[in-house]
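These notes open a run of structures that come right after.
Look for chain A in each of the two complexes below; its partner is chain B in the first and chain C in the second.
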Partner chain A sequence: MLEISIFSILAIFMLGGSFAMISNKQTVFSAFGFLVTMIGMAGIFAMLNNQFLAMAQIMVSVGAVVVLSMLTILTVNAKEENLPKEPHKYKWIIFSTIAVAPFTVLLYKTLTTMDRHFSEMATIDSKVLGSVLFSKWVLPFEILSILLLAAMLGAIVIARKKS
Partner chain B sequence: MTPNIFYLLASILFSIGLVGLVSRKNLFVLYMSIELMLSSISLVLATLSKVLAQADGSVMALLMIGVIAAEAAVFLAMIINLYRSHRTLNADSFNKLREGVYND
Partner chain C sequence: MSTLSIVIAIVSFVLGALLALLTIPVLVWLERRIASLVQDRLGPNRTNVFGFRLGGVVQSFADVVKLLLKEEYYPSHIKTGRWLFMLAPVITFSAALLAFMAIPFADTILVDGEALRVQALPIDYGVFWYLAIGAIGVLGVIFGGWLSHNKYALLGAARAGSMVISYELPLGLSILSFIITYNTIDFNAMVQWQSGTFFGFLPAWGILVQPLASIILIVALFAETNRNPFTVAEGESEIVAGFMTEHTAMKFAMYFMGEYVAMNTASAVIITMIFGGYQIPWVSTEMMLQNFSTFAIALMVSVPVIVFLLIKWMRKNNTVRPTVSTDGGRNFETKVLSIALISMTVLIEVILLYLMFFADSALANSITVMLFQIVVFVVKLMLFNIFFILIRWTVPRFRYDQVQHLGWVYLLPLSLLNLFITAIIVVGVT
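Right, the complex of A and B next:
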């Protein structure tokens, strides 16, 4: 019962945050909705007995990605006339929701064809995660490190002023 | 607690990201919608990791967080570059590569 209530609170926060993200005109408020969603996601990871993933989510997604995007939004500091004019925004949102809803049902039904029960297991702590990460998944890990390096260089090159 | 509600939450979040992606024009909102879709997939992976009692799903979700970070860096740099050249955040105004003549 307690688990269900915690899950419901987190889910309401996440859904409200994501709806605020896609419906706000001001970009900073969208970023705040995104922040709420990411924190709720970390809580959901913690509910799945996955402490390390929850901490990584807090540190990377909340601490780095959201803060970086907020910094970018405040640096760009777009004036009202530079924002896109979207007079039919809610109409678009409603009709695309109708269009996407069958896909949501399809996704949910596809996912629920897998096992219906949580298996009894100890929590996935950093020891278990690290031993799997550095034995079975070491090649994807290295590829990801190269991807991060390439992304860093690419970001520097793209955002540089043309002289 | 069954995994079904986690799957339901992940599919709803994915769909909200998709709705934001098709219905908005603001570049930052598009970027955050893509991030939301990626995060919902990592939620599915973490749930599967608990269902199957293996840590592989969690490792995949962890790697996905890294991919999200890389994508954030490149996308934000791109937004800065586009804003500097066009002075707008409207995704419809970046149509240099579009075929045909449109004047909207």
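Right, the complex of A and C next:
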């Protein structure tokens, strides 16, 4: 009962946060909605007894993504009248929700049947995760890091002054 | 779970909350008195309750009452998002407060074969917790600064945000080299690692094992807490009060207290990671428990000496100039405090004597050691807070571009190099 109620509170926070994120005109409130959603998701990870993932979620999504997007918002500092006009915003939201509904059902079906294909896993602790990441998964990990490096180089090239 | 383990869990939670919250008035007082010391004046020392001044700590409580009773007003130009404007200081304050909760105050204590952690949140991933929760704090600054709709506040928030982002990299990298050295992400295990010796005679404190990473950690934590010499987010001559220009009364006080809590948390992290935490050098918890009678005798000798010196110092300083006729209750205060200190000493001696000769309980011994470690932790914490304050009042501020230059050009490559060398040495040794 306690678990269900905590889960519902977190879920309400996440739903509210994500709705605020897409429906707000001012980017700063969208960022706040994203922050609430991410913290709620970390809470759900923690409820699944996976504290490592919860902390990593907060560290990456909140500490890096939200702070960086807030810095962008600060730098751009768009005025109220310069924001794009969105007269049919709620219509868009409703119709796109209806459009993706079949895919949501598909996703739900997939996710609910998926757990049968996994063997029972012991609790993931950070030591096990680290050793698996650096032994079995070291090649995908390195490929991902090359992807990130390419993205960073691209950003530097774009931002550099043309001499 | 026995009753005792529940009691210990509750006590360590309350201790964490008290250490974080009750140090705020003490830190404000220390800040003002040490600033006065540096500038050759006395600082606030007159406020009293029935003649008790306690060196001026009472002034901080008067300040709190003033801030609580001040008129709250909102800038009229803030049309939307007033709730977030008010929430922003709370985000900063509570992030700093929560980050403190993962710090161990004493070693794990064995109760009925069950190892209990003496930390407010009994978690074994403290470093992660600190990095994750500590990073939320700057969001309060950014939200508050943006929603003030004020150029000064906006600039202050942008400066604070970009500085924290650039110093999070050297901070994370230096912490990574500590994680590699100690082979753990648990604060308590880090402290236990540091109880050994290094080269046979030096205590294995982080500052001696990893000097470069320690310096980078301290510098980066100074920047993270927005303390001098990194106070670029606020500056009288350039951007007024920075991000808190439009915040008044209790909202301002929240930012203000958040800064002190963050400073306290940073000192706690520094002493836990590189200054041996709750331990005194060369002496580990097992050593104290095994030679309990020696430990008790040493404590019984040292406590009266410290109390004697304290009383002597108080008698010398808690007086008025000879030309002033009334002493304003200072003699009375000295007398009462001396009696209190002496009776406390006698009580400690009696308890230690009882534990040494009459009670032969391992649990009582370990509780005594735990209390001793908590005292050591608090003393170290206060010493580091004083270090933070002394730096603020002796070193001039950096310019904003100098701050970024230091972070990206010096600290980041140095911490990367240090991480690299540490990894090579650790792999080579094992």
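One rule holds in what follows: the second predicted complex is superposed on the first by the 151 of 163 C-alpha atoms of A that agree within 3 Å, B and C clash if a C-alpha of one lies under 4 Å from a C-alpha of the other, contacts with A are read in each partner's own complex, and residues count from 1 in each chain.
One rule holds in what follows: a residue touches a chain if its C-beta (ideal position, glycine included) is under 8 Å from a C-beta of that chain, and two chains touch if they have at least 3 such contacts.
In this text the structure is predicted, and so the values were computed from the model without any measurement.
K.L.:
Answer with clash or fit: chain B and chain C placed together on chain A by superposition.
P.N.:
In the arrangement built by aligning on chain A, the partners chain C and chain B fit side by side.
K.L.:
Tell me the contact category for A:32 with respect to chain B and chain C: first, second, both or neither.
P.N.:
A:32: touches chain C, not chain B.
K.L.:
According to the contact criterion defined above, which of chain B and chain C contacts more residues of chain A?
P.N.:
Touching more of chain A: B.
K.L.:
Looking at A:52 after the superposition, I want to know if it touches chain B, chain C, both of them or none. Which is it: first, second, both, neither?
P.N.:
A:52: touches chain B and chain C.
K.L.:
Looking at A:136, would you say it contacts chain B, chain C, both, or neither? Reply first, second, both or neither.
P.N.:
After superposing on A, A:136 lies in contact with chain B but is clear of chain C.
K.L.:
Between chain B (first) and chain C (second), which does A:62 come into contact with in this model arrangement: first, second, both, or neither?
P.N.:
A:62 contacts chain C only, not chain B.
K.L.:
With both complexes superposed on chain A, which partner does A:74 reach: first (chain B), second (chain C), both or neither?
P.N.:
second
K.L.:
Quick check on the superposed pair: does A:108 touch chain B, chain C, both, or neither? Answer first, second, both or neither.
P.N.:
A:108: touches chain B, not chain C.
K.L.:
Considering only touches as defined above, state whether A:41 meets chain B (first), chain C (second), both or neither.
P.N.:
first
K.L.:
Tell me, in angstrom, the smallest C-alpha to C-alpha distance between chain B and chain C in the overlaid model?
P.N.:
13
K.L.:
So which bits of chain A does chain B touch that chain C touches too?
P.N.:
Chain A residues touching both partners: 52, 56, 64, 68, 73, 75.
K.L.:
Could you list, by residue number, the parts of chain B that touch chain A in their complex?
P.N.:
1-20, 22-26, 28-29, 31-33, 35-36, 39, 43-44, 46-56, 58-63, 65-74, 76-81, 83-84, 87-93
K.L.:
Which of the residues in chain C end up touching chain A in this complex?
P.N.:
For this pair, the touching residues of chain C are 80-81, 84, 123, 125, 128-129, 131-133, 135-136, 138-139, 142-143, 145-147, 154, 157-158, 161-162, 164-165, 168, 185.
K.L.:
Quick one: in the complex, what on chain A touches chain C?
P.N.:
For this pair, the touching residues of chain A are 26, 28-29, 32, 35, 51-52, 55-56, 58-59, 62-64, 66-68, 70-71, 73-75, 77, 126.
K.L.:
In their shared complex, at which residues does chain A touch chain B?
P.N.:
Interface residues on the chain A side: 3-4, 7, 11, 14-15, 18-19, 21-22, 27, 30-31, 34, 37-38, 41, 44-45, 48-50, 52-53, 56-57, 60-61, 64-65, 68-69, 72-73, 75-76, 78, 82-86, 89, 92-93, 95-97, 100-101, 103-104, 107-108, 111-112, 114-121, 124, 128-129, 131-133, 136-137, 140-141, 144, 147-148, 150-152, 154-156, 158-159, 161.
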